[in-house]
Every structure is written in C-alpha cells, then in structure tokens.
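Next come the structures, one after another.
The two complexes that follow have chain A in common; it is paired with chain B in the first and with chain C in the second.
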Partner chain A sequence: MDIKKVRNEKFADFLAILGEQKLYAPQKVGESLRFAHVTDSSKVELAMANTTVPPKSIFFPQTETLYRYEMGNTEIQPPAVGEVGIVLGVRPCDARAQVIVDNLFSWDVDDPYYKERRDKATVVGLACNKPCVNCFCLSLGGDPASTEGMDLLMTELDDAYLLQPLTEKGEKLCQAAAAVAEPATAEDLAAAEGLHGQAREMITRKIETGGIPENLPALWENALWQETAASCLGCGICTYLCPTCHCFDIQDEVEGLEGRRCRMWDSCMFKEYTLHASGHNPRPTRRERTRNRINHKYSYFVDKFNVIACVGCGRCINHCPVNIDILEILAQVKEAL
Partner chain B sequence: MVDVEKLKEIARETVSRDDVKYLIGWRQGTYGFRTAPHFVGTPEEADNLIFSPLCSHNLATYLTLVEKLPVPRGQDPDSRKVALLVKGCDSRAVVQQLIEQGIGRDSVFVIGCPCRGVVDLKKVEAKFPGMREKVSATWGNGTIIFNLPNGNVEVPRQEVLAGKCLTCRYPNPLLSDLNFGEEVAVWGSDDYADVKNLEAGSPQERWSFWEEKFASCMRCYSCRNVCPMCYCEDCVLDRLNPQWVMRSVNTAENTAFHLARAFHLAGRCIECGECERVCPVDIPIMKLNRKLSKEVREKYAFEPGLDPESKPLQASYRPDDKEDFIL
Partner chain C sequence: MKENGNPYQPHIATVEDAWYETQGDRCIKTFKVVFDDEKVRESWAHRPGQCAMIGILGVGESMISISCSPTEGRFLRFSVMRMGKVTQALHELEPGDKMTVRGPYGNSFPVDEWKGKKIITIGGGIGQAPLRPIIEYVKANRGDYAGLTLIYGSRTSGDLCFKSEFDTYNAANDVCCHLSIDVAEEGWPHYVGFVPSLLMEVNPSPENTIAITCGPPIMIRFVLENLKKLNFADEQIYTTLENRMKCGFGKCGRCNVGNLYVCKDGPVFSYATLKDIPEAFA
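Showing the complex of A and B:
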C-alpha cells in the first residue's frame, strides 16, 4: 500500500473529504478535549497531546440504550446503532487499548452494539511526536508510532501529514483523499522515522512488568493496598478515563408506561460497585477496590486474555486528584514480590 | 520562610502521643509540581512532610472519608484522634464539620498552618509544561518561587495562585490545637465579582453557559468525594430505590446532579475550591457554590465554618429574619 502525504495547506480539504462520512475527532467539549462528532472541521484539535476522555466512548458509550419497551406491548425495540464512519486522531495507546477491550466484548458472545461500531469504524491513528510526562506505553508493548488497531497511521511532519494505510479500509480512505494527497518521498519517510525515534527517547517513565501478572494475587494481604487506598477518594476518574476499563452496569430507567434498559459505565472504585442485594459487599472499602483495579488490569485480564489491560497512556496518573500513581504502585508490587 | 524541619518535629511529637492514631499532611508527589496527602503513622514517616504553595489538598475530607469497619468481637474501637494539618480554608471545613456534629471535637487534633496561598496546578503546568522532574516551591515576597531543575524561577503570585486564594479572607486557621508558623496578614477581599458577572446575563445566556458545562460532566463524582462537607453515609446520588438521579449520563440527569450537589452545600460550603480543582473536565463548579454562598451572605448575613459554637444555617431561627422572600 502506498504511503501518501497531505500538505498542511490541504489538510482542511482532507478533513472535508473525511467529513463525508460520520467523522469523530478530538474537540473541545465544554472545557476538556474528547472525541466528538465533527460538525465544524475548524474545531478539530490534533495538536494537543491526548484527549482527556479516550475514544473508547465512541465504541462503548458511557450510556447506551440496549432496548426500549412499553406497557401492553411484548415486543422490545432495540435502537439502531447508527453510523460510525471515521475516528480520526486516535493515539497509538488508545488504538491498542481498543484491541485489548475487543477481547472482552467478543469473549462468550459478540456484543452486537460494540461489534457493529467497531466493524463500521475506520480508525485513523496519529503518531505521538511529543509524548506526555506520564506516558509509559513502551513498557506495555506499545510504541508512540504503533499501528496496532489502526486502519491508517498519520504522522505530523513539518509541512504535511504522512498517511500510511495499514488495512483495506485505510487504503480506501487514502484513495478517497487522492485529490488532496500526493506520494510521500523518501525524505518524508525518513523524517517520520526520525520523529518516531525522538518520541521513543522522550518517554522516560517505565516499569518492567515481568513477574507481575503471575505473582500479584500472592500480595493479597500486603500492606501496600491499605497505604494506597488511604488517600484514595473513591471517585471514578482513573477508571472512567482509562482506555481499557470496560466495567458496566445495566439498569432499567422507567418513566410512566415506557422504559429503557441501559448499559452505563461503572467503576470498581465506587462504593456501590458489586454491592449485593443483601447489603453485603465483597469489596467493602477502598483497600479492596484499589487492589481490584490493579489486579484486574495486571492479573485477572492476563489470565483470561493473555494481555495486560493497561497501555501506559498515563491518564490515571495525570488526572488523579491525590497523585495516586500506578507506576508507584507497580514499583511497590515489584519490591514486594 | 516555612521551617519544614520544625513541622517534622511537631509531627514526630504528635504521632508519638498515645491519643493520636496518625497524622495527615502533605508530601512531594511522584512527578512535576504534584503533591500528595501523606499519612504519618510513625515518627520516621514525618521525614517526608512538606508545607508549600503546592499543598492544595484540603485534608479535612479524610476525617469523614475514613471507612469505619466493623470492630472485631472483644475489641474496643480505636478512639484515638486523627492529627490534621490545616490551612485557613481547610480549618473552616473542620469547624463546619464540628458545627454539624459530623465529627466530634475529641476525634481530631488540629495543627494550624497559616497559608499565603496555594497554586492552581493548571496555571503552573501551563507555564512550565512537560515537567517530569519533581519540583518544590516556596513563598516569596508577593511571589511563588519554583525550584526548577535548572534553577529557581520567581513568579508573581497573581499569575499562579488558585482563584480562591486571590480573594482569600481567612488565610489563618480559625481553629487549632497547635500552631505551626507565623500568622499572616489578610490580603484578600471578596465582592463575588465572578458570580455577579454571570448573574448579569439573561436566563438564556446563563442556561447556555451551564448547559454546555453540565453536558460535559462524566459523573465521576470526584467533586462530591473530595468535598469535606459531602459526607452523608448514604448519599442521595447513590440511592437505587428510589433512584432520585438516574445513572444515565445526559444533560438532564447531570443537571439534576449538579443542582442537588450545590443545594446540599448551601450555607455549608466553605469555599476551599477542591471540587473545581479535581474536576477532570474543568467544570467551574465553584461558580455554582459561590452563587449560593452569595445568597446566604446577602439574605442571612451568614458564613459557614467560622465559629464551632454556632448553629448550622438551616438549624438556626432568628425572629428578625427579613422574610421578604415569602410571598
């Protein structure tokens, strides 16, 4: 597949071509950056490091109606999933995270809602030229220019965006953009290589994950969980902003004679998570909840799907109000092993 | 100058007392300008304590956030005190918790730290982006001095202090069992200019301002959880039956959440600004809280968290209340 480039002055035209399909891209929503449907391409923000909310929200919306029902009608009405065209500007960690989450949604049954969105979408990735201070993707098998989970990888050069198609969908997109694109030169490819290499050098935070998944459960009663949980507020930031966290709750929301069954994000850091109808909760305090968060990512998920459910995007570190730092926890884990 | 060695000395003595369980203060964070709450259980752990313009956390929230586990049969509950470092605004949270009997006076040992203002991390990280190395800071003369890896940088405090600190009227703790450091002169005054600005808009303008903010809320509940005054054991927002606020995240339910939260804090919010600091999507939550604070001050000449002997606003009755709002 041929590598192309779109010059900066033609990028707006490129966005217009992408916008012929339903296009999602990073934009300011309220005061924060997240993926949203593009209605005005001048609002697309690709320069920022990464979005606050990961693009998982497109494939696995925070709230989604599974079906509607009404009194006196035994038919249930599943809503149409709707169009998902192109997801533009997905960072390599987030694209990889979605591949990890795919495991969960296609494990015993294919989740029809999730799968339909994944199948429909064309993921246009964007290599990280300037990783953030808390990025540690290299430690988890990622890379600032990783192509896993993408149909096309873009790299921002000085005067153009390099387009590297990776799948048939990506190739199709490149062809659709033929009018604004031109073949990339050997210098362009070398420049991109150089940027990717520089980005790798800029990632300073790391963790050696070897030995963690198999030994983590042995630290069940270790004091480190209590020490970490002491300052934890029990809010949902680390899990909601995590690109691989995928826990959900299902609730019925009924108004009058109509109702809808909804699926919504849940967080293992919440008090009512796994609260039994009896009033018993197997994870009664933040100690057990913190332990669960780390064990789920670094042990249970690995047991089941053979991959760590963390991609090193650094969001949980960046946004934790009390500086609970997963790398610090993992360092303590390594020490205790 | 903050004599941090003196602070550590005080902390060592405090945690060595028989009637103190542990002390909560601040420590350097894991990167950049971040700091973190620090739980000091032994005299050795006091070595990591700091007190600087980076210590924004209001630690009073941990007095009520602590989880009460069932006491094993045959054991007595641990009734020792929690020692707490408080800035001026933080002390008002402790006072308000005492007023409401959320905590008992003998459950807490308060160490007052007069404060010359803490930074707004967003302003600091925008000024010095991409800081990986750990940075400390001190108060200068009308400035904040950052000890960056390649030397000290002094910044006028207006540029980096949190908004709440620029208008702060209570920099000195209003309640303490022990004081650390010199009392500081009050610099701020508060005319609620930010609230008045917003009030000047038409209802449509105000709603479109808030609609966009509420729509962006993810309901992570960090604003509620960090709040030292949000300590109901059974929060209305977590209730499933009846479910007052649906779990669906949409503008309507998010609005219900934000209004419920704000109204439950009317006459109780001590304006430490923690809710706004922790919001991952930068909703200006303090504008809502301060609208209610302004109403409470204007209508009842009342401010919460000042006098532990006073009554909560909603539990006080005065025959000379104006009542001009009753139709």
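Showing the complex of A and C:
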C-alpha cells in the first residue's frame, strides 16, 4: 500500500472529501476536547496532544438507547445504530485501547451495538509528535507512532500530513483522497521517522510492569490502598476519561408514554456501583474501590484477556482533582512486591 | 460473528400464577411465568443454579435466581423479595400481567458430576430460592443420587419459603427434611436455633456427599466453618454468590469477586475456588 501525503494547504479539501462520509474528529465542546460529528471542518482540532474524552465515546456512547417501547405495550424496538463513517485524529494509545476493549465486548457474547460501530468505522490515527508530560504508553506496549487498531496512520510533517494506509479500509480512503494527495517522498518518510523517534525520547514517565499482574492480588491488605483512597474524592473522572474503562449501568427512562431502556457509562469508583438492594455493599469504602480499579486493570483483565487494561494515555493523572497518580500507585506496588 | 442476536433484548412473559411465600416489609412473592412466544418457550433451556434478568418496562431489571428445575415443566419460577424499586414493582404483578425476561445466565450446579452422590442443601431465608431447583432436579432424578437432605431455617416460621412443599417432600419419603427457626414458637415441632447449629445436630457424614449452602453471608460463614469441622473437603462444598448485576453476560463490569465474574464464572462456585478470593465473602 502506497504512502501518500496531503499538503497543509489541501488539508481542508481532504477533510471535505472525508466529510462525504459521516466524519468524527476532535473538536472543542464546551471546555473539553472530544470526538464529535464534523459539520464545519475549520473546527477540527488536531494540534492538541490528546482529547479530554477518548474516542471510546464514538463506539460506546456515554448514554445510548438499547431499545424503545411504548408504556402499556410490550413491543420492543432496538434503534438502528446508523452510519459511523470515519473517526479521524485518534491517537495511538486510544486506537490501541479500543482493541483492548474489543476483547471484552466480544467475550463469549458479542455486544451488537458496540460491534456494529467498530465494524463500520474507519479509524484514522494521528501519530503523537509531542506526547504530553504524563504519557507513558511505551511502558504498556504502545508507541507514539503505533498503528495497532488503525486503518490509516497520519503523521504531521512541517508542510503536510503523511498518510500511511494499513488496511483495505485505509487504502480505500487514500484512493478516495487521490485528488488532494500525492506520493510521499523518501525525505517525507525520513522526516516522519525522525519525528516518531523524537516523540519516543520525549516520553520520560515509565513503569516496568513485569510481575505486577500475577502478584498484585497478593497485596490485598497492603496499606497503599488506604493511603491512596484517603485523598480520593470518588468523583470517577479517572474511569470516565479512561479509554479502556467500559463499565456501564442500565436504566429505564420514561417521558410521557415513550419509554426506553438505555445504558450509560458507570464507574467502579462510585458506591452505588456495587450496592446491593439489601443495603449491603461488598466494596463499602474508597479503599476497596481503588483496590478493585487497579486490580481490574493490571491483574483481573490480564487473567481473562492476556493484556493490561491501561495504555498509558495519562488522562487519569492529568484530570484527577487531587493529583492521584497511577504511576505512583504502581511504583508503590512494585516496591511492595 | 457469533449468532447471539441482541443479548439485551428481553422476551415477554406472562405471570400465570403468583403467591406470597412470606409476609411483612421484606415479603417474598413467587411468580410462575410463561413466555408469550411459543418459540421461546420451546427453545429456552436453563439448568439448576442459573439466573435470569427479569424486569418491567418503564421501571428496570433485576437479576433473580430461577427457582424451579427444568424437570418441572415449560415455565419459570422466581421468588422475589421486596427490596428496591424493581422488586417493589414486580410485587405489584398479578396473574395475567407481563414481565420482561432474559437469560438464562451463569453456570449451574454440576449435576452430572454429582451423580451417585448424596446431596445436602443448607439454606437460610431467601437463600432457599436458588437451592429449590437443585432439590427439584435431584427429586426428579432420584435414582441417580444416593441421598437428598434438606436443611433450612429462617427467623420465624412465617419467614420460611416453600413451606407447603416440605410436607410433600417428607410424604414421598425421598427427602430428609430438617427445618429450623431462630426463636421458639408455640406448636413448632422442629429445631429451634441457627442453621449452622442445626447442621451440627444433623451431623452429616462427608463420605460421598456434596453440601450446597445458600443464605445470608453471616450464615454462610458459619456453615462453611462447621462443614470443615465435619471434615467436608473444599471440593465437596458449593455455594452461590450474588452481586449487583446489569447485563448478565460479562460486559457491565460490576459483579466481579476478584478475577471472577459472578454472572459468567458463577453464580455457582465450589469453596475450593472461592477460598483464595479475598473478596468472595465481602
């Protein structure tokens, strides 16, 4: 598959071509940067290191209708998932996170809503030229130019975006953009290599994960869980913004005679998450909930799917209101092992 | 692509019969329900120990253990304690009313593995609901099992579920039935005390025997202790766990105990599996 490039002055045209399909890309929505349907390509924001909300919101919306019904009637109608199209500007950590989450949503039983969106979407990645201060993807098997989970990888050069198709879907997209693209030169490829190398050098935060998955549960009664939980507010932002967190609640909502059963993101950091109807709670305090969060990502998920459910995107560190730092927790874990 | 259809979409079932097992604030009501769709009625296959997500459109869903054995016929039974929003709404249902049902979920009691063995169930309160299908299953296949003993207790005689069935068990003389209540009542002919003490009184031999216990966590803890005193091996002891659930098939995340999902790896676990999971009896 031939590597192409789109010059900066033609990038708006490129977006217009992609926009013939339903196009999602990072845009400012209120105070946060998130993937949203592109209706005005000038609003597409690719310069920021990464979005506040990961692109999981496209495949697994924060709230979605599982089915509709009319009150007093037992006819149930699941809504059409509809067109998904192209998700553009996905950073390598987030593209990889989605592959990790695929394991869960296809485990034994396929989740039809998630699967349809994943199957339909073309993922256009964007290599990280300037990783942020809390990125640690290299420690989790990622890379600022990783292609895992992408159909096409873009790299931002000085005067152009390099387009590297990776799958048939990616190749198709390149062909569709033929009018605004041109073949990449050897110098372009060398420049991209150079940028990828520089990006790797910029990632300074690291953790050696060896030994954690198999030994973490043995630290059940360790004081570190209480110490971490002591400052935790239980706000759940670490899980909402985590690209691999996938837990959800199911609730019925009724307006007049129109009812729907829908699912929405939930968080293991909330008390209600595990609260029994009897009032009993198997995870009664933030200590147990913090312990479960880290164990789930770094041990339980590994038991089931042979991969750590963390990609080192740094969001949980960047957005924690009380500066809880997963790398510091993991460093304590390593020390205690 | 797995041909699993839409696992979130429930079937509609009609309440054929409904009656109260117990009275009071946290009363228990049993529903006998039949699927509206004949195809679902024919294809539905549950095993003793499994659960189903039952609900009411406009209110929500709750995971409830299926309290009948497939040997009883093409219907389902659920015994529901009135607790939260959904179970309170379920309690309003009368014969002819509709509910949503999806499942069955989870593993089941390894009834084939247990052939030739003596089965003892040790239940407390609503914990008898998940035990009822194994009792009914063993009764229906009595020749395959060396014995069936039922130990069951609750706070008062009014809190015992499935009371009317116990007489038929004894009359058929194929079930050894031991009942208890916590505090003495006039005219109560059976044991007075807690279930773990009744277990010691019955004093079953562990030889060629499987013990299954289900009930409030505090009861389970002492029953396990006493079964160990009676020299039951970890592999001979089974229990069912419950946790809050939303999906029933390993996606929504919340029902895990350690690295096990109650909805998929359970709800039936041997004590050999659970004893090393620190969260199992939390």
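Definition applied: the second predicted complex is superposed on the first by the 331 of 337 C-alpha atoms of A that agree within 3 Å, B and C clash if a C-alpha of one lies under 4 Å from a C-alpha of the other, contacts with A are read in each partner's own complex, and residues count from 1 in each chain.
As a convention for this text, contacts are C-beta pairs under 8 Å (C-beta built on N, C-alpha and C of every residue); 3 or more make two chains touch, one makes a residue touch a chain.
Treat the numbers as computed from the prediction; the structure is a model and nothing was measured.
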Combined model on chain A: chain C and chain B, fit or clash: fit
First, second, both or neither for A:31, with chain B first and chain C second: first
Partner chain(s) touched by A:183 [first = chain B, second = chain C, both, neither]: neither
Touching partner for A:53 - first (chain B), second (chain C), both, neither: first
Partner chain(s) touched by A:327 [first = chain B, second = chain C, both, neither]: first
Which of chain B and chain C A:249 touches, first, second, both or neither: both
Partner chain in contact with A:82 - chain B first, chain C second, else both or neither: neither
Touching partner for A:210 - first (chain B), second (chain C), both, neither: neither
Inter-centroid angle chain B-chain A-chain C after superposition on A [Cα, multiple of 10°]: 90
Lowest inter-chain C-alpha distance for chain C and chain B in the superposed arrangement, angstrom: 6
Common interface residues of chain A - those touching chain B in one complex and chain C in the other: 249, 251
Complex contact set, residues of chain A against chain C: 66-67, 69, 71, 74, 76, 78, 104-112, 115, 217, 220, 246-252, 254, 259, 261, 263, 266, 268, 273-278, 280, 282-283, 288, 292, 295-296, 299-300, 303-304
Touching residues (chain side chain C, partner chain A) in the complex: 1-2, 4-10, 12, 36, 55, 57-62, 83-84, 87, 98, 100, 217, 242-244, 246-247, 249-254, 256-259, 264, 278-279, 282
Residues of chain A defined as touching chain B within the complex: 29-32, 52-53, 62-63, 130, 132-134, 204-205, 227, 230-231, 233-237, 240-241, 249, 251, 253, 262, 264-265, 267, 270-272, 284-286, 317, 319, 321-325, 327-328
Chain B - residues contacting chain A, complex: 29-32, 34-37, 39, 57, 61-62, 65, 67, 69, 130-132, 212-213, 215-222, 224-226, 238, 240, 246-250, 274, 277-278, 280-284
